[in-house]
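The first chain written gets the first letter, and so on, giving A, B, C and D; residue counts start at 1 in each chain.
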Amino acid sequence: MIEQATELELDQTLGVDVFQALFDRCSNWGRWGADDERGTLNLITPDVRVRAAGLVRDGVTISCAHPINTVGDTENSSPAMHFVVRAGDVVDGKSVHSTADHLAVSPHGVVHSHLDALCHFVWQGKTYNNRPVGIVTSMGARANAITIGQDGIVSRGVLLDIPRTLGVPWLEPDQAITVADLEAAERAAGVRVETGDILLVRTGRQARRTALGGWDSKKSLSGLHHLAAPWLKERGVALLGCDGVSDVRKQPFTATTHPVHILTLVSMGMQLLDNQHLEDLAAACAARSRWAFMFVVAPLKLVGGTASMVNPIAIF
Amino acid sequence: MIEQATELELDQTLGVDVFQALFDRCSNWGRWGADDERGTLNLITPDVRVRAAGLVRDGVTISCAHPINTVGDTENSSPAMHFVVRAGDVVDGKSVHSTADHLAVSPHGVVHSHLDALCHFVWQGKTYNNRPVGIVTSMGARANAITIGQDGIVSRGVLLDIPRTLGVPWLEPDQAITVADLEAAERAAGVRVETGDILLVRTGRQARRTALGGWDSKKSLSGLHHLAAPWLKERGVALLGCDGVSDVRKQPFTATTHPVHILTLVSMGMQLLDNQHLEDLAAACAARSRWAFMFVVAPLKLVGGTASMVNPIAIF
Amino acid sequence: MIEQATELELDQTLGVDVFQALFDRCSNWGRWGADDERGTLNLITPDVRVRAAGLVRDGVTISCAHPINTVGDTENSSPAMHFVVRAGDVVDGKSVHSTADHLAVSPHGVVHSHLDALCHFVWQGKTYNNRPVGIVTSMGARANAITIGQDGIVSRGVLLDIPRTLGVPWLEPDQAITVADLEAAERAAGVRVETGDILLVRTGRQARRTALGGWDSKKSLSGLHHLAAPWLKERGVALLGCDGVSDVRKQPFTATTHPVHILTLVSMGMQLLDNQHLEDLAAACAARSRWAFMFVVAPLKLVGGTASMVNPIAIF
Amino acid sequence: MIEQATELELDQTLGVDVFQALFDRCSNWGRWGADDERGTLNLITPDVRVRAAGLVRDGVTISCAHPINTVGDTENSSPAMHFVVRAGDVVDGKSVHSTADHLAVSPHGVVHSHLDALCHFVWQGKTYNNRPVGIVTSMGARANAITIGQDGIVSRGVLLDIPRTLGVPWLEPDQAITVADLEAAERAAGVRVETGDILLVRTGRQARRTALGGWDSKKSLSGLHHLAAPWLKERGVALLGCDGVSDVRKQPFTATTHPVHILTLVSMGMQLLDNQHLEDLAAACAARSRWAFMFVVAPLKLVGGTASMVNPIAIF
């Protein structure tokens, strides 16, 4: 069935039953026990981490985060607020001896580099592992919160650079990435996505922005075709990241606008890294002809959080 | 001179000239060029990182952050604000399909696990490398900002567990840690702090809190004696962390209440990890009889920031 | 029945049926139509406003708000955050030409002077006028929001100064104010609370704080006995304010800790002014031997809000 | 000289000396003593307030505030943040019994209805009454803060409806309002601006927005010609409000982009109400053929604040 991915057109209209079947196929509910909250993070075993550390050969580190965006515009409708205080203060004739600041941010904004907790999405009233949406209250999530990664998410990272593979500078905003695209990128990179990997998928969003200027990415943005989701499960991906939001905006489903979000967060129990900055990483990979590296994500220890701003680090 | 550390009593009153001499002795201004902003992060070379990765043998990760504290009290006078939204919403008869949240935090609070930028402290109108305090405005720091570590701070971490070395459960809040204490901890651990290391110093603050309850740590808190600062430079420490705020509260100086902050941030160009949670790390080290490990700090990419909330990760 | 108020001891335990009977007795549901959201604000007719303006004789204004409290402590567990920016900035050799600031506040905190919207409390799944709690989502309240007073709440204000009437400097934190107390204060003031009035009840909370220091007002705080609620309805009070939170903390009910909140906000549709500063107003009234005045409350125009910080103004 | 206002073209370039002369002509420094912070609020005497209350005949109130804007876009680059919490929470099988919220806002944004404190602007290093800019630090303003109006600003309000006078639906964004325009509006309204008045000037900004859609008002926005400033002083205006920001964007000065801000806030000590919603007020005035009314502004009691969100209320 996975091979038929490219045949499924995004301009079809697909009902809830089609989506539910896809959901069931991807599901990891119960796989690690009825009490499990870690989902695909379970795939990152100590051995996987040790092997990931073995990829560090050059001692070079690369960030996959954008600078935190504090300027509101049509795309960034919830800008972060950053206030630096004490700077320049002169009190009682004495100049300031320290400076400080304050940061306020709603991480799920479409320009913010963040990690989604499993409780961020809901399907048919349930979150990952059959937990009802009611586990999340305004006091925070009692389960499936961002703290499942609080000791750090450390594994092998693999970058699949789709525009590079296709020989284009970037994907168009409505372009969906299929399994065939992912496997072509694997072949081009000489790497195979394996159990416990952190998979980063580049659409070239930032390259397009740099060349052509911004657009409203809430309306059109490249990402994975929903039929790529079962492939993520088959390969044992532990965490998915993208320079978009993993989902392509143009969707065929009547029941959801974010099938990949639901299939990963809710069905598989796989967290998502949204809005990553992958240009530097792509250049670092290309320069070394090596698309696998040690990768560390350290979400803030926010009890009950639905997300965390993060600065994921690749280590070559 | 360093050996005389224990002779210098904290109940003496020491003038600005004594402190300036100490400042000059620690100074790295100009060491890496007049334009340098990275300070002791320069000591973390690619080779140091590669060797640090070589310490990963068990594939176990440990967080050094406290949960983000959102409840105001006398000690936590600037609690973080965390709001979870959309949870429980029913709109047009349809239940919520996603949840989200918002976090606002002033990271320098005395209970928040954060990384100080070099611009956080000022001495005689100057920040690290002779840059005037005016580089910091309310629009952010034009230099010496938190972004010097934006590609991740990755090196060998070394824990010096002072209470364990001294055979006590914790240090008392006014107790200063001397060079003799640090070197005794090195000997006990069978490790020597070396160039490029991230040094973590445990005072047992959290163990004391757990046993005896909280106290106003803005008034009394154990930390390093100021004469330990030159030792940090001699050993080539790249980053200093503590379960307190590195400085002991009780201070002899007329000119500053935070000599270690100034000697590290301003004079040496060494960032500080304040208010770390070191209990789990101490247990992990003791269990392995190994006090050195790979260590990763990934500060948020906050342009002009004076600090970042962080979740530092030790990898064994 | 109201006369029996003093007989009902607060150390009794009262069941849900007793409270429901009280709720029904106070109810204004349907009184102004099934669509009404304004509740007792309906009692402030144009005539009432014109008469209120007629009370302005001295041209003196008095604030009933506390300064906004930005310092967290045990009582103020959600301090406001206030950041002043640009002050002291020197950019490109030029000094700042303007200053600005930012204020973040959770108004319902027990030290903040605020106005409660009708949707702030819920009884048996319903808010005022039989609207289900589901009208409030994290996107805001679709009805019963703070905006019902967005054109300003302008009426006659009446201060009932209970400690003055009782000849004490303040009420003790567990002291409940009965109908007898209210009517004694009326007689002492030579005023009668009438339809459309804004009633302010002074417990002397601030006088006690000034004299004895603060205490945890989340645990003990003087306020109205629940049997005073029907009296509020009989008199036609339009808005109730208090230097506490209207409710006395010590309560006999199993079903709620805030009977006065529910009886006013939910049953009568009467908004509440919590944590008012009434010392200056009390002094102004005593100096004039006049306890009635024009009163203006101008809540922020916050669509969907459950409260607003306010600065209510008495005009003599 | 004032009559020459219309002769001064805004496309001239005017130097600092011209502006300084205008500043000196408007200055109220020292007028109410060297310690004065209240500026033109001094003109609102008790008598003025009593007469203002005498204008209340219909008992009708009108708000002059826009709803608080929480959606970021190009114009609203610092949207307010509003989070409603507890709504929909079900904890331990029990539904929520109260709802609450949080509001964070930077009031000086160009869409927010706010009151500017005198310390908001600086001229040649000074704020009102010769106080140096250093009175404002990041801890707040030590003088000239928003709290000068903390007991409420209550006076006669006068609306001068310029588009109505000129027979147009709105002024164009670069159109400057001259003294001749103001006096024509007075004649049309049969009212004369007098000592202690709160003057509201309508440009029709909101009418234009409703008809034509929004534009970037940071770039073009109608307001007062700078030569109208001396007229404000001559007439004894106590407070100036506008549906824009009082200044017209297109300016001839090399030394400042906001001459009216500086001439009012700094030179005269006159606070400004920016971004008022004047459509309802204009309709209420036209319906009554009466352009004078009681007016109440109740800024939040924010110690050291440079502004306050406000909801100014006209009472007819």
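Annotations for the structure displayed:
We take it that a residue touches a chain if its C-beta (ideal position, glycine included) is under 8 Å from a C-beta of that chain, and two chains touch if they have at least 3 such contacts.
Computed from a predicted model, the values in this text were never measured in an experiment.
Counting the residue numbers used at the interface between subunit A and subunit B, over half appear in both copies, so the two copies meet with largely the same residues.
Among the pairs C-D and B-D, the greater number of C-beta contacts is found at C-D. A straight line joining the Cα centres of subunit B and subunit D is 47 Å long. The centroid of the Cα atoms in subunit C and the matching centroid in subunit D are 29 Å apart.
Subunit D has residues 81, 83-85, 87-90, 96, 102, 104, 106, 134, 137-139 in contact with two or more other chains.
On subunit A, the positions that touch subunit B within their shared complex are 45-50, 53-54, 56-63, 65-68, 81-85, 87-88, 95-108, 113, 119-123, 125, 133-134, 136-141, 147, 150-152, 154, 256, 258, 261, 294, 296-307, 309-313, 315.
Within the complex formed with subunit C, the residues of subunit B that make contact are 71-74, 76-79, 81, 85-91, 104, 106, 134, 137-139.
If you check the complex, the residues on subunit A that touch subunit C are 81, 83-85, 87-90, 96, 102, 104, 138.
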